[in-house]
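Per-chain residue numbering starts at 1, and chain names A, B and C are given in the order in which the chains are listed.
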Amino acid sequence: MIAFLIRRVAGILLTLVVIAAITFAVFYLLPSDPAAQFCGKDCSADRILLVRQQMGLDDPVTVQFGRYLVGIFAGQTLGSGSYAVHCGFPCFGYSYQSAQPVWDLMMDRLPASASLAVGAAFLWLVMGLAAGVVSALRRGTWLDRTLMVGTIGIAAMPVYFTAMVLLYFVVGQLNLIPYPRYIAFGEHPFQWIQNLILPWITLALMSAAMYARMTRNSVIETMAEPFVRTARAKGLRERRVVAKHGLRPALTPVATMLGMDLGGLLAGALITESLFGLPGVGKLFADSLNKADQPVIMGVTLLASFFIVTSNLIVDVVYAWIDPRARLS
Amino acid sequence: MTLLEVKDLAVEFTTAEGVVRAVRGVDFTVEAGRTLGIVGESGSGKSVTSLAVMGLHRGAAVTGSVRFQGTELIGAPEETVRQLRGRRMAMVFQDALTSLHPYFTIGDQIAEAHRAHFGTGRRAALARAVEVLGDVGIPEPARRAGEYPHQFSGGMRQRAMIALALSCEPDLIIADEPTTALDVTVQAQVLELLMKIQQDRGLGIIMITHDLGVIARVADEVLVMYGGAAAEQAPAETLFSTPRHPYTQGLLDSLPRLDAADGDPLHAIPGSPPSLLSPPAGCAFHPRCARYAAAPEEVRAVCTDGRPPLRLVAEQHRSACLLDPPSAGRTTHQEVTA
Amino acid sequence: MTAPLPEAAAQGAGAVVSAADPAPAPAAPPAPDPTGPAAGPADAAAGPAGPPASPWRLAWHRLRRQRPAMAGLGIIAFFVLGSLLAPVLTAISGYGPADTDKKALDLYLGGLPKGALGGAGTRHWLGVEPGLGHDVFARLLYGGQISLLVAFSAALVTTVIGVLLGITAGYFGGRTDTVISRFMDIMMSFPSLIFMIALLSVARNANRILLLILVMSVFGWPYIARLIRGQTLSLKHREYVEAARACGTSSARILFTEILPNLTGTIIVYVTLAIPGLIGAEAALTYLGVGVRPPTPSWGQMISDAVPYYKVDPMFFLLPSLCLFLVVLAFTLLGDALRDALDPKGSRA
């Protein structure tokens, strides 16, 4: 197990470097004038020149990349003299439009995004797995059929549609809760829940539908495997056969899916945050798109990549822990 | 002592395309200390029969009578059958790699059966597992018990499956093609192991296979199945020396012979196995049967008129061919030769 | 969208290649499988005396019986026809996608359509858009063109790249495989939507449609490549491949005549299940402002425009959403049924 871990971590580091390189290439090398893009829409020619200097865009590419990479860990000082800005560890860039290091901007928004993500993930796992398992075990009954039809329908609904429908009915017509705005958990736990419940449902619904179907397929497939038949042939009680011999292998694909999905989670969070006006990293990203604040876009991209790579690692480790055969690879 | 008495067992599956009659009325008995070999090609219904005996079919209609040590299993409450499964009658499956759970150690899987039936504690159950692994000839059983199925070689895995079957000291073992997935030398070892176990413990064994070589080696009694029904039943020696059913004859004829002349063609049975969705009328074998083809119209009408039952044609020898003269003591007539 | 649909599509399509196994029907089934021993596809449908039908005809036969799939197919046909006939239909309805009709708007209400249901009536069959007064019907049709065009093209490019690389990695193994697989792993570690956005935001002046297709393909191919690689790995050990090799057939020929045909089922299912994700992705990207730009109509753009008006003109929001929903639903239903139809062990209800 340890050897496996070490191998994986080494691979991850390599991947992270590659990702950093590609991000660098996309933002520094691809555009015709990175400085202009970084500076923003309404920058004067002088200011752009200044930015150019500060970013050191006249230096050779390798130096730039080296500085960029090192800067992530050691911090960077952009430019020199009285216009120098210091970007501490970790330096994910400096937003000229907001006059702040990108990292600070992102960390500021992290709690909201985390709240959204965690709550939604919990909801969709519970709903999806429960629906999937029940459907699989009661295969062919009306319950199974209804659930499956329902999940196809729900999975097809675009996120904004769900959000709007929920807002329209729950807030607009039925007035069950006020229009959501973000309240930190520390401030007021109950209101934290109350305000996040609609975003959670919005983000969770589509994933829950997909997970339900996947779980159902997985459970059905696993229950048809020979080793389940052996368990029955041993004379074990059906409940034990299902729970111990059936569900564990059936749920491993779900674990993998969850890992991959954390990446998609960011994407969905993006839209959900914009729709509900939650001050999260996603909304930061969406706003930066509108304002064309390139450093922030780059910073969030990098953060998201690191996040995904790490979560993939975690998934691999969990998978290897569950399935002994995976430890060989 | 009769361990198992099966009468008129029939198994039907309802599928999207219609009703598949996988087993259409089979009788046999198994005695303690004796091995019944059930032989047939793919689709003959032999595995389905064994699963029906163990009550492992879900969603299939199983009719007939299966009496295990006096207890009727068909129609019995699930709990009754469950308690017998693994404890008094155990099954050894064909492919040990897929039949053993990949996530649990061998020791755990064997111990689990023991704990389920006897309620033993973890330590004691594991000790039992190690013991039975040793019984089947696995070296270093204590270490092996902590390993996973994928870490075993094919032959050892099969032995582990046998150990699993033995763990609760059953009276009957049903082995469904236990050697098909193995190399020939390993096959021999596994079969020897089974025979030794039978001798030591007086178990009854049902050996299901398509391989006549295996039958010749281990079976005392043989039941030949075709198209979901019994074709012939006889003691092994008798079957091999004087097969009466055209199908059995065809099977034996198709075995390549060392003493055949150079250039002698191999004899295959023409045609292919019947569809169990819509089996042929009457005897399932008649479309491929040379005896049927050669018989005159009026005589062979019986072959398409309902499924022919097993009839006594010689001492302890039954055949389901109606074109075969019955045993001595009944009216004899010209034997119809193929 | 959050939908990691390439992954889900890969999962869904993965079961199909067992159809490729030409081995005879196996010995008795494990207990839960109700299809019975001799019920291989040829036997079951054709009966003992009939000639064995080709797997394709059998699959089609099975597919036809699934009503949801047929409904899905119908919906897809409806939308595809609509897009193709857009010029004709808009000529009939009288308004093109770029035509503005300020007279249909009530300027005192801030540019909202006059009349209920977003101004639907005999002149504008599905109403007008607030603000500029574009005809909703026309924009839906032309927007559909764009959405379907982008999704189909991206699916095509993704599949071509993915299949080529997947087959190569799977068949040749060794170094080639390691390099390609490593490449796939890295690509899959990228948060695709975010990178797509990043790329699209950086390249400001390129042709948006081409760029969209390119970007979606770049991030989509690893999923199908990995799937195809896995299938190829198991197929290359089949006896007929070994036989072909023994005859001295060149690798390229083997790939195209022995292996690729057996992958078609998987590929078809994958593409069908991936299209909803691509449509959704395009809509999401446009919604966020990095996809196609006005004046090109697009469902995502319409939804984006409609959000501020959702309370007062819900029709404007509902119609493109409904179109999106229906198309995604249709492809999902069809893809699911296709997978069941092509998988011979299809006891997957």
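The rule is short, and it goes like this: a residue touches a chain if its C-beta (ideal position, glycine included) is under 8 Å from a C-beta of that chain, and two chains touch if they have at least 3 such contacts.
From a predicted model like this one, the values you see are computed outputs, not experimental measurements.
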Pair of chains ranked first by number of touching C-beta pairs: A-C
Central chain of the complex, centres being mean CA coordinates: C
Interchain centroid distance [CA atoms averaged], chain B/chain C, Å: 48
Centre-of-Cα separation between chain C and chain A, whole angstrom: 23
Chain A and chain B, separation of their C-alpha mean positions in angstrom: 54
Shared interface positions of chain C, touching two or more other chains: 31-32
Junction residues of chain A - those touching two or more other chains: 225-226, 229, 232
For chain B, residues contacting two or more additional chains: 56
Contacting residues of chain A [partner chain B, same complex]: 225-227, 229-238, 240, 245, 248-249, 322-325
Residues of chain A defined as touching chain C within the complex: 11, 15, 18-19, 22-23, 26-27, 30-31, 37, 139-140, 144, 152-153, 155-161, 164, 167-168, 172, 203, 206-207, 210, 214, 217, 220-221, 223-226, 228-229, 232, 253, 257, 260-261, 263-271, 274-275, 285-286, 289-290, 292, 294, 297-298, 300-301, 304-305, 307-309, 312
Residues of chain B touching chain A in the complex: 54, 56, 78, 82-87, 90-91, 93, 95, 98-103, 112-113, 116-117, 148, 150, 164, 168
For the chain C and chain A complex, residues of the former touching the latter: 1-4, 7-8, 11, 30-33, 185-186, 188-195, 197-199, 201-203, 276, 280, 283-284, 287-290, 303, 307, 310-311, 314, 317, 321, 324-326, 328-329, 332-333, 336, 347-349
